Amino acid sequence: MENTILEMQFAIDTFYFLVMGALVMWMAAGFSMLEAGLVRSKNTTEILTKNIGLFAIACTTYMVYGYDLMYGGGMLLDGISGQGDKYSNAADFFFQVVFVATAMSIVSGAVAERMKLFAFFAFAVIFTGIIYPMEGAWTWGSEAVFGLFKLADYGFADFAGSGIVHMAGAAAALAGVLVLGARKGKYNKDGSSNAIPGSNMPLATLGTFILWMGWFGFNGGSVLAMASKESANAVAMVFLNTNAAAAGGVIAALLLVKILWGKADLTMALNGALAGLVAITAGPDTPSALVATLIGAVGGILVVFSISTLDRVFKIDDPVGAISVHGVVGLWGLLAVPLTNADVLFTGQLLGALTIFVWVFGASLALWLVIKAVMGVRVSEQEEAEGVDIAECGLHAYPEFTVK
Amino acid sequence: MENTILEMQFAIDTFYFLVMGALVMWMAAGFSMLEAGLVRSKNTTEILTKNIGLFAIACTTYMVYGYDLMYGGGMLLDGISGQGDKYSNAADFFFQVVFVATAMSIVSGAVAERMKLFAFFAFAVIFTGIIYPMEGAWTWGSEAVFGLFKLADYGFADFAGSGIVHMAGAAAALAGVLVLGARKGKYNKDGSSNAIPGSNMPLATLGTFILWMGWFGFNGGSVLAMASKESANAVAMVFLNTNAAAAGGVIAALLLVKILWGKADLTMALNGALAGLVAITAGPDTPSALVATLIGAVGGILVVFSISTLDRVFKIDDPVGAISVHGVVGLWGLLAVPLTNADVLFTGQLLGALTIFVWVFGASLALWLVIKAVMGVRVSEQEEAEGVDIAECGLHAYPEFTVK
Amino acid sequence: MENTILEMQFAIDTFYFLVMGALVMWMAAGFSMLEAGLVRSKNTTEILTKNIGLFAIACTTYMVYGYDLMYGGGMLLDGISGQGDKYSNAADFFFQVVFVATAMSIVSGAVAERMKLFAFFAFAVIFTGIIYPMEGAWTWGSEAVFGLFKLADYGFADFAGSGIVHMAGAAAALAGVLVLGARKGKYNKDGSSNAIPGSNMPLATLGTFILWMGWFGFNGGSVLAMASKESANAVAMVFLNTNAAAAGGVIAALLLVKILWGKADLTMALNGALAGLVAITAGPDTPSALVATLIGAVGGILVVFSISTLDRVFKIDDPVGAISVHGVVGLWGLLAVPLTNADVLFTGQLLGALTIFVWVFGASLALWLVIKAVMGVRVSEQEEAEGVDIAECGLHAYPEFTVK
Amino acid sequence: MKMITAIIKPFKLDEVREALSEIGVSGITATEVKGFGRQKGHTELYRGAEYTVDFLPKVKLEIAISADQVDSVVETISTAAKSDGEGKIGDGKIFVSNLEQVVRIRTGETGAVAL
Amino acid sequence: MKMITAIIKPFKLDEVREALSEIGVSGITATEVKGFGRQKGHTELYRGAEYTVDFLPKVKLEIAISADQVDSVVETISTAAKSDGEGKIGDGKIFVSNLEQVVRIRTGETGAVAL
Amino acid sequence: MKMITAIIKPFKLDEVREALSEIGVSGITATEVKGFGRQKGHTELYRGAEYTVDFLPKVKLEIAISADQVDSVVETISTAAKSDGEGKIGDGKIFVSNLEQVVRIRTGETGAVAL
């Protein structure tokens, strides 16, 4: 009978992993819709293709090599079937693989509307197969960084990946945007910046809601156990705090833009929700609901200023605001952990953030430059003007509607 | 070992609450898409902003004060973390908080296309923080109504909230619409009513499917337990009946409109689905599948006549039909419970419905009037003509498409 | 205490069924969005109405009669409430009913843009109430085919329904298309075929992601148990392989179209994902992740050639490619099982495929012809030119946008 | 024959059409256009950046009529298209040009009878 | 030179364009418009309320040609745009007006050679 | 008065509008149109089938001006609408026709003062 009980614990934890994993997989749809809503309609088919393609690539490269690199166990998930002590290893892989896809999705929005599709896919193969698993091994995989030092020894912790997933994605995105340059027409000769509105706000909103929902899996699943009172309570607090932080992000961003510009800028409210979610991700288990709301609210405020500053001061053209949402706020998320978690040190968080950023940014920059040299990263001016949809995919997203 | 078993029951019930709660949270996306599809494109950005904003507000006010008011336990979820006898209290809060957001979402559609955004938000703060928790305390919270009498003593029962959530939302919506008045151009001088078609039917349909899916969490989670044979069976019957009632609502509404007007009016089919869901919500545990289908079908028929009547006879301008779907059919749902549940009395249901309606309608009316006096509830004629998107949010929902 | 443990197993399995069932129900939204994106905007309202209507019909007829026919137990789910040995029977019904709706959804896309709505609904009543349950009884229901022979005796197995659900749906669709004929303007006098692009690529992509997510329930739930280590491991492998096959389908289809036509045709990538999913459905439990990826990839390649061939060589006008995705690839899925599952015989799979196809195609053809004789299956030329939306539903899907 | 081309505010469309029907105009072709003129465009906001939309939505009506109807048609449009009956900036323009020939495709009729 | 403006049914667009190509017309500008005329609009249904849509979708073609092509162009459009070869209500109109000057932006050419 | 009708490439719209503003043109009506001409349409791909899109997106500008402005307006448009300053196929056309009367709806003013 004891065995039956152990088996049931195994079953509950496995089931929990699978449900959480399915929710994270759903985030792929969220990124697709968000990005499809925030680009112009002439670049929509391409970004949809990019998103479904990158998800498929991430699932495959991580299976072939990435999971082994990050957690060991053998290439090609050698013999994963039917194994696992506390839960099915296959369920663990399923949960982990959707994380790497999330990191990659972050890149896709930032380089939208001007990158060659297959240059992006080439990047995705290496990023999901090597760059991300490397830093994943140093953090969640508990390996020493290049065999030198272990981040955990310095009091670093990143519960569900504000840094490991989100800031990493943003670092790769930043490298990409720097290599790629701004969209034609984004900046004027005098250096001022033009607004280039996205084409479909309901899609962007839908994408945000999908991400919000999926994030319950992202953070909730990162407790890694469910079948005891302690872990069940932990998962429940994580759900509660994840939701609270998103709410805080929306409210803060909405109030701020209303005060700054007198209007309730929807796109900033959406970014506020995502910022709240990114901010809480590094430590959704320790704060109270009120503190979680505040951590999210700070994220919501940061994101508004960050988007404006990157755009207007640094001339970094990020059509969906991914670098701000996932990078700047991801860093905030890491730094906020010590506020409510005594086991985590501020210096450890800084060291961890630095390690992740330097590695991912450096490796990505090198990779983007290699891709640029080999096949080029940017479509021609003519193709960009007509929209990458026709050039790369041969099809308009809304063939029947009259568009600019 | 016995302890392990208790812990596992705790874990299963908590897990179940969280999954159901995530499904209900998803209903926020459903309302957003439904309403975005049923308004004109010039008012779409605003309704999206309203929906994501109200969800964030509901989550925050209910955390600060509402949950305490409704179920006790202390403001700010004081010490909710790590507690709970049969399941995690945090999971319970997460499940409850998405209900209050649902009630608030109902209002947003009815007042669409003409209300000031921040007037709506002001209402949301009080409604989710006080008005709803008050009546929630009298019903699910088992408190006496103003300390006078207990509804349960009169044989009142509302399983998952046909009355407590849906009719309450509709009562607040009705008060809002009365204070606000009809949209410009809705009624002609001779009193006849004009159709003002929504702009995006796929969005409205997507929203309905999302709500249908989320409703499994809404009703299924209201069993409040899963980890025994009895409760598992109960949850399963609730899923089955919820689905059956929605199906019955669709079929009845479709056939009725086909007979009445010769065409299969999609918007009525969608309202039929929602009506079926609202109708079964007060008692999804006791009917057989066939009876559940019929209860939903009656809801589907009621909603068709109610929408026409409110619009043409009473000149109540409800752009998405929320008052009919959630109010009229919510009442029907309450009254249908005694048909299959001997513990519930018809008089108790009437008393409960009256209590909820009088309180919510009265308090909301007062609140709307105060808001009107303080900041105004309605945008200017000019703003309404150009669409509230530009006036309130500064952005069109589909900036590139040529629209009316 | 032993009883408590048994009850908990019951609860876990029931919970698992319900969650998986909710995911499959969600596929109804996926089909709706996919099909709404792939038809022209003038036929969009009708296809949405068709999809929500067929789901409601399937749920009702299967409750009244279909479930009894397929698995026994009595009409109208006689006494299903509160029963079940290993899990709640009501949960089992809920899981099964969403499968029949899936099969029916496959038909709706293939006959889009020209069929009379109520002719389709009439077909749906018989298909979901009799045609599908009959072949379901011979396969999952373990009955002898017309009392003659049992498919299982010949080594036939179809884990989650590549044949029983998908190929069956495609067979009904093929019969429908043959009776109905091609859309006006699809083929030129010289026999060449015109492309008729769908109107909304984001919707089609959203639909595909929804289906991908829902498929975890479709295949994962078909393990039919969760509460032991063995079954938990099995479910986890099924999730992993389902995801891997979809990824393989996307990559293979994308690379193939890039090589063939030089562009990354999004619609083919979407069909590739679905093909990967259909291909793995007959046996997601036995392959390794790599083999699952390859099975999906073959599906992705097949679907590209099949769509072109059906369209251009056989002049079968299937606006969404349903016959290729579900039929041709469904057959491939059946035939791929023996590659990794020694208990399943190639001849058994062929015999099963033949049985299903002959029955479903034959019965459907007869039914379509009867419906044609009684009420006609095709709208008038004028109605087709103006779009079935106005003729059948009286409403445009996007009333405000200027369309072709 | 003359071709009257009127640029009006979109929400005036129904009123103008009805007024024209009343004086016996039996055919109108309407186009959604964007107008740039004295009426200044509004400011929009996108992710914290304000920008001005110069072109405002207008509706263009084209109405072919016989020469003797010009005055009444111009008069009717002017009255019906004026905001609040008094006229606001951006109410639009009416252009009159010459039309040499008209053919009704259905019947092949030409000239005034084809209008 | 003359400007031919034709209002036709949308689904006739391809046929008319091909017929015009065959007689050597090398340039056309097409616009989606809404037409109000003898052909009555259809009834739509929204949440139980019926309403009439007065303006029907049409396509407007503008074709600049030299004066001597007028007859053949008008003839060609008339034939190709007629429903089922015989003519149904709503098939549309052809308007002919005078065109004083044409400039090809690319080359600066003017007059008939710029068409 | 004259009516200038220019067909240009969509992404040239802002440049042309600014150039016209600079020479004092105060009103423009713009329409999204599809153009068929010497510039060949591109090939699109849908589910493995290639097809040619003959009509390319263009913008039509209508500008009513007094007769003496014709040359400068035509000149200005020509320059601003030319691709890369030298001219590529599909850059568009300018048509000039006569305008008999203009009325400003708001004020009832007519003639050149109403422009």
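Details
By written order: A, B, C, D, E and F. Residues from 1 in each chain.
Throughout what follows, a residue touches a chain if its C-beta (ideal position, glycine included) is under 8 Å from a C-beta of that chain, and two chains touch if they have at least 3 such contacts.
Predicted, not measured: the structure shown is a model, and the values here were computed from it.
Shared contact partners of subunit C and subunit D, listed by label, are A, B, E, F.
Computed from the mean C-alpha positions, the centre of subunit B lies at a distance of 45 Å from the centre of subunit D. Our note on geometry: subunit A versus subunit C, Cα centroid distance of 32 Å, whole angstroms. Separation between the centroids of subunit B and subunit E, computed from CA atoms only, is 51 Å. Touching two or more other chains at once are residues 31-32, 44-46, 50, 97-98 of subunit F. The residues of subunit A that reach two or more other chains are 1, 5, 8, 12, 15, 19, 197-198, 200, 206, 261, 263, 265, 267, 393-396, 398-399, 401-404, listed in rising order.
Chain pairs recorded as touching, per the definition above, are A-B, A-C, A-D, A-F, B-C, B-D, B-E, C-E, C-F, D-E, D-F, E-F. By the touch criterion stated above, subunit D contacts subunit A in their complex at residues 44-51.
Listing the residues of subunit B that touch subunit E in their complex gives 193-198, 257, 260-261, 263, 265, 267-268, 271, 304, 307-308, 311-312, 321. Looking at the complex, you find that subunit A touches subunit C at residues 1, 4-8, 10-12, 14-15, 17-19, 21-22, 25-26, 28-29, 32-33, 36-37, 44-46, 48-49, 51-53, 55-57, 59-60, 63-64, 76-77, 80-84, 87-91, 93-94, 97, 117-118, 200, 203, 206, 392-402.
Interface residues of subunit F facing subunit E in the complex, by the touch rule stated above, are 2, 6-8, 31-38, 54-55, 58, 60, 70, 74, 77-78, 81-83, 87-98.
Interface residues of subunit A, counted against subunit F in their complex, comprise 385-386, 390, 393-396, 399, 402-404.
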